[in-house]
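One structure below.
Chains here go by letter, A, B, C and D, matching the order in which they are written, and residues are numbered from 1 within each.
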Amino acid sequence: MIVPLDLVLFLVLIVTAVLALAVKDLLAATALLAAYSLFAALLFAGVLAVDVALVEAALGAGLTGVLFVIAILATTRHSSPRPDARRRWAVLPLIVAFLGLMLFASTGLPDRGDPDAPAQRGVSQTYLADSYADTETPNVVTSLLADYRSMDTLGETMVIVTAALAAALVLIRRVDDPSDRTDDPRDTPGGDADLDRDLGPADEDGYGGRGPR
Amino acid sequence: MIGAYPSVVVRVVCALLSPFILMFGLYVVAHGHYGPGGGFAGGVFIAVGAILPRLTLPEELAYRLVPPAAGPLAGGVGLLLFLLVGTLPLLVGGSFLDYGAVEIAGLEASRVRYLGILVVEAAVGLAVFGAMVLIVDVLTGKDRP
Amino acid sequence: MMMLLPLLFGAVIAVLAGLWRSAAAQVVAVITTASALVASVIGLVTVVADGPISYELGGWPPPIGIEYVLDPLSAYLAVIIALIGLLVTIYPVEAAFDLRPRKGVPLYPLVLLLLTGLMGVVLSGDLFHLFVFLEIYAISTYGLVSLGGDRGVFAALRYLLLGTIGSGLYLLGVGFLYFSTGTLNMADMATQLPAIADSPTVLGAMALIVIGLALKMALFPLHVWLPDAHSYSPPGVAALLAAVQVKAGAYGLIRILFDVFGPAYTGEGLPVSVALTYFGLAGIVVGSVLAIRQTDIKRMLAYSTVAQLGYIGVGIGLATPLALVGALLHVLNHAVMKSGLFLVAGGIIQRTGLKSIPRFSGLGMRMPLTMTGFAIMGLSMAGVPPTAGFFSKFYLVWGAIELGNWLVAIVVVSSSLLTVVYFLRLFERIFVAEPTEELVADATEPSPRVVGTVAVLAASVLAIGLFNVVIVREILMPIAERMLG
Amino acid sequence: MMELLLDRYIYVLVLVLLAIGLYGVLVKGDLVKKVIGLTIFSTAIYLFFIEGSLQEGGTAPVLMPDPENPGEFLNDPLLYVDPLPHLLILTAIVVGVGVVGVALALLVRLYRTHGTLDEAVIADRLAGKAPDIPAADERRDAFDVEDAGDGDA
């Protein structure tokens, strides 16, 4: 009965995805991307994945949007309009081949919502049946996350900490930047540019306006 | 590059909002057992509570509320907490992350697991909070403790 | 678990230690990797003697919980990872990473997280868990590659885009498998797959997983990210990447193709094996030819990595015990040789600032110890007996001849000749020619830590060459026979 | 084909989203757009998993109190949708945000040195500064020098 709503949401998703890639203003693209994530979160909620919907709304739509906005404010708001026609023709066959492969693969999938699908008869039965007895936790996703498959969660926590550290390593000001080393200039023409090197009017194409502030 | 927002309405509303967001975040972390939520969503909410002042309030004030060192520190401590909880059962002969193996007088194994989940969620929330604050800090160029 | 634990803790403690004092982080890193090495050697000895060990995390038996499996294959790779990790962390920080980190720069934490990710990949007995660790090591790599200055940043971004697509494809493949079997545990899935062997979903999943992991492993023609990422990153990072990081992809491929999908899918004549073989061959040829054309030493080494990964791909594709032994032995050989070569390059750059090969003239006289190590590893790359590199190619060729696949045999042998060409050219310059550069004339042997590290690696190249029969008979042959038997 | 579309249009729609994302990553010349494409791609993967977890007649995987035994919960698996994909996707979402964070950090760093986020322009500038590095091998697509002209135009 919720199927038509699903369909509508999916069409909206496709439209926002296309628009997010098409618009020239990057802030608008970010807003569209956040809308895309939000609609995805609605879809998640529609098929009863409430935990995922919450996290997608908070992380996918909220925080990712904030990160994009901060990055765009720190860089430029205008996307470079340059079409890359040759690459498009090289990539399209790849995408078509990928779609063909996926279409072929999805013919073997069980129907959506089929209670006899292997996944429904697999390990998740055990989780649902035993969760309360094992952990006194009615939310099975939580007991899965923090107990049955807690190692995944540990890995995931490490991923996010790793990502933060990697971002810090990329942007943090280091004492000894490579360009300070005694490289022979002829060996590395131009050298590795310093973080703070001013390249001057590198952005003469008229699109280099920084963000609003 | 991100500092006090020109509009006083925005500044005041955000300043008023962020403690409530923090509280909601804590609630989501703690509520994971019974409904949607848990460490990840909660950690994000708490992080948003800390990030919002950074986007709207004057810099000094925002960094006094949540100093930049909080990012890496919270990330490290959260991860360490998770690891310690995981290792605790090893010491009493269980396997890694097997909270049920820890015997606490008067509590059944399932109850111990229940508590273990709570601690893990808190650790995850802390780590996610730290990581997000750190990412925002380096992106805005304020990375030095 | 014993092997992972020191790394897990080390990474976290290194984060906190790095905040406090940057030198402390390196000490923590060395201690951590050393204990991981000890643990993994013990692990290897144990499993070779007593058979695989399974570890149930959280006390939940698989397939309910996540399982770690330590069998000879994963123990073998764990030893390689810990060894290279230890050598790179011991290596002086300026030479390895082109910078002396300020307080709070998370350099060693990321190196440890990279190693943790790799270790997790080889230990995991769960398809999704493998994805999580795949991402841990990938994300730390993106950060580390960006240390290589401006071009490093750009290379890191392109690698990030392609690498994330790779893991996305892998994840999709895992999804297809999960929806067909209802489990994520590798062993459990392997028992269920034969019943639905013909399902298009399973075949599609296999294709997705192979493409995703081949992208991670940089198998030709999916290698486009590798030359930039490896040649612009600092020497220590390049050593880690070439030696162990791309091997994690190879490991995943071997494990999933042979253990999860099993012989029903990987028998002779199936498209996946054939494709791997011929793409591997193409990679060998293209990589070798491009390596000859490079003048920058690190870039040359990066292209030669493309070629060497081709050998591993061929070994997996041929799917006979002998060829698989060749591929696995080559994983070890290449790890030792290539990390050694990159670290030597780091030593040269640290001492002289030179990167361009034509200007290395006469360096052999000035840095005799380092250059001897370099020569040994170069000979091994070229496959000159009795160095390690000879034997892995020997097993590959033997396996190919056994199958009657003469094309493979011919390409492998002739590409070795190509490798000889480019290393001989280099040696001629280094040892015979007179110094033309002041920088070379003034050069001296790098610091003892550099020389020591290089010496260890050069000695192990010789040792692996001499004792390869032992390694093959005790460790690799049983693995190959069990997987393909 | 028609039957596939009607019966299981969801998977086909997910495929469309995957293709849009891939197109964005591989074809767009602007680096921010590439990262946006990456996000679309990964969200499509999440949708695939979550749509697959649905079970007809099932409800959210939070156990319902048993009306007959207070304090007990109904634990019949048929009552709930499959929770395992939910966990997997929670993990994947967090991983995805981490990747986006690193990607944006790299973008900001690139912009600080180059003042642009056009992939081809940056590539040309890096390659142009380094004539001793062959620009024609694997750099066919994005790195061709002739492209530099219209890149700035």
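One rule holds for everything that comes next: a residue touches a chain if its C-beta (ideal position, glycine included) is under 8 Å from a C-beta of that chain, and two chains touch if they have at least 3 such contacts.
Here the structure is a predicted model, which means the values were calculated and not measured.
Asks: Among the chains, which has its CA centre at the largest distance from chain B's?
Replies: C
Asks: In whole angstrom, what separates the CA-based centres of chain A and chain C?
Replies: Measuring from centre to centre gives 28 Å for this pair.
Asks: Report, in whole Å, the distance between the mean C-alpha point of chain A and the mean C-alpha point of chain D.
Replies: Each chain reduced to its C-alpha mean, chain A and chain D end up 5 Å apart.
Asks: Taking each chain's centre as the mean of its CA atoms, how far is chain B from chain D in angstrom?
Replies: Distance between chain centres, rounded to whole Å: 25 Å.
Asks: Whole-Å distance, chain B centre to chain C centre, using C-alpha means?
Replies: Chain B and chain C have C-alpha centres separated by 36 Å.
Asks: Check each residue of chain B and list the ones that touch at least two other chains.
Replies: Residues 34-36, 40, 72, 75-76, 79, 83, 96-97, 99-100, 128, 131, 135, 138-139, 144 of chain B touch two or more partner chains.
Asks: For chain D, jot down the residues that touch at least 2 other chains.
Replies: Residues 18, 22, 35, 52, 60, 62, 84-85, 88, 90-91, 93-95, 98-99, 101-102, 104-109, 113, 130, 132 of chain D each touch two or more of the other chains.
Asks: Where in chain A do residues touch at least two different other chains?
Replies: Each of 50-51, 55, 59, 63, 67, 70-71, 74, 102, 106-107, 109, 117, 119-120, 122-124, 127, 133, 138-139, 141, 145, 147, 149-153, 155-156, 158-168, 170-173, 188, 193 in chain A touches at least two other chains.
Asks: Should the pattern of chain-chain touching be classed as line, ring, star, complete or other?
Replies: Per interface graph, the chains form a complete graph.
Asks: In the complex formed with chain C, which residues of chain A make contact?
Replies: On the chain A side, the touching residues are 101-102, 104-110, 117-124, 126-127, 147-152, 155-156, 158-159, 161-163, 165-170, 172-179, 181-184, 187-188, 191-193.
Asks: What residues on chain D touch chain C, complex-wise?
Replies: Against chain C, chain D makes touches at 18, 22, 25, 31, 34-35, 38, 41-42, 45, 48-49, 52, 84-85, 88, 91-92, 95, 98-99, 102-103, 106-107, 109-110, 113, 122-123, 126, 130, 132-134, 137-138.
Asks: Please give the residue numbers of chain B that touch chain C in the complex, ascending.
Replies: Residue list for chain B touching chain C: 69, 72-73, 75-77, 79-80, 83, 87, 89, 94-101, 144-145.
Asks: Quick one: in the complex, what on chain A touches chain B?
Replies: Within the complex, chain A touches chain B at residues 50-51, 53-55, 58-59, 62-63, 66-67, 70-71, 73-74, 133-139, 141-143, 145-147, 150-151, 153-154, 156-158, 160-161, 163-165, 167-168, 170-173, 211, 213.
Asks: Can you name the residues of chain A that touch chain D in the complex?
Replies: 6-7, 10-11, 13-14, 17-18, 20-21, 26, 29-30, 33, 36-37, 40, 43-44, 47-52, 55-56, 59-60, 63-64, 67-68, 70-72, 74-76, 79-80, 82-84, 86-88, 90-92, 94-95, 98-99, 102-103, 106-107, 109, 111-115, 117, 119-120, 122-125, 127-133, 138-141, 144-145, 149, 152-153, 155-156, 159-160, 162-164, 166-168, 170-171, 188-190, 193-197, 199, 201-205, 207-208
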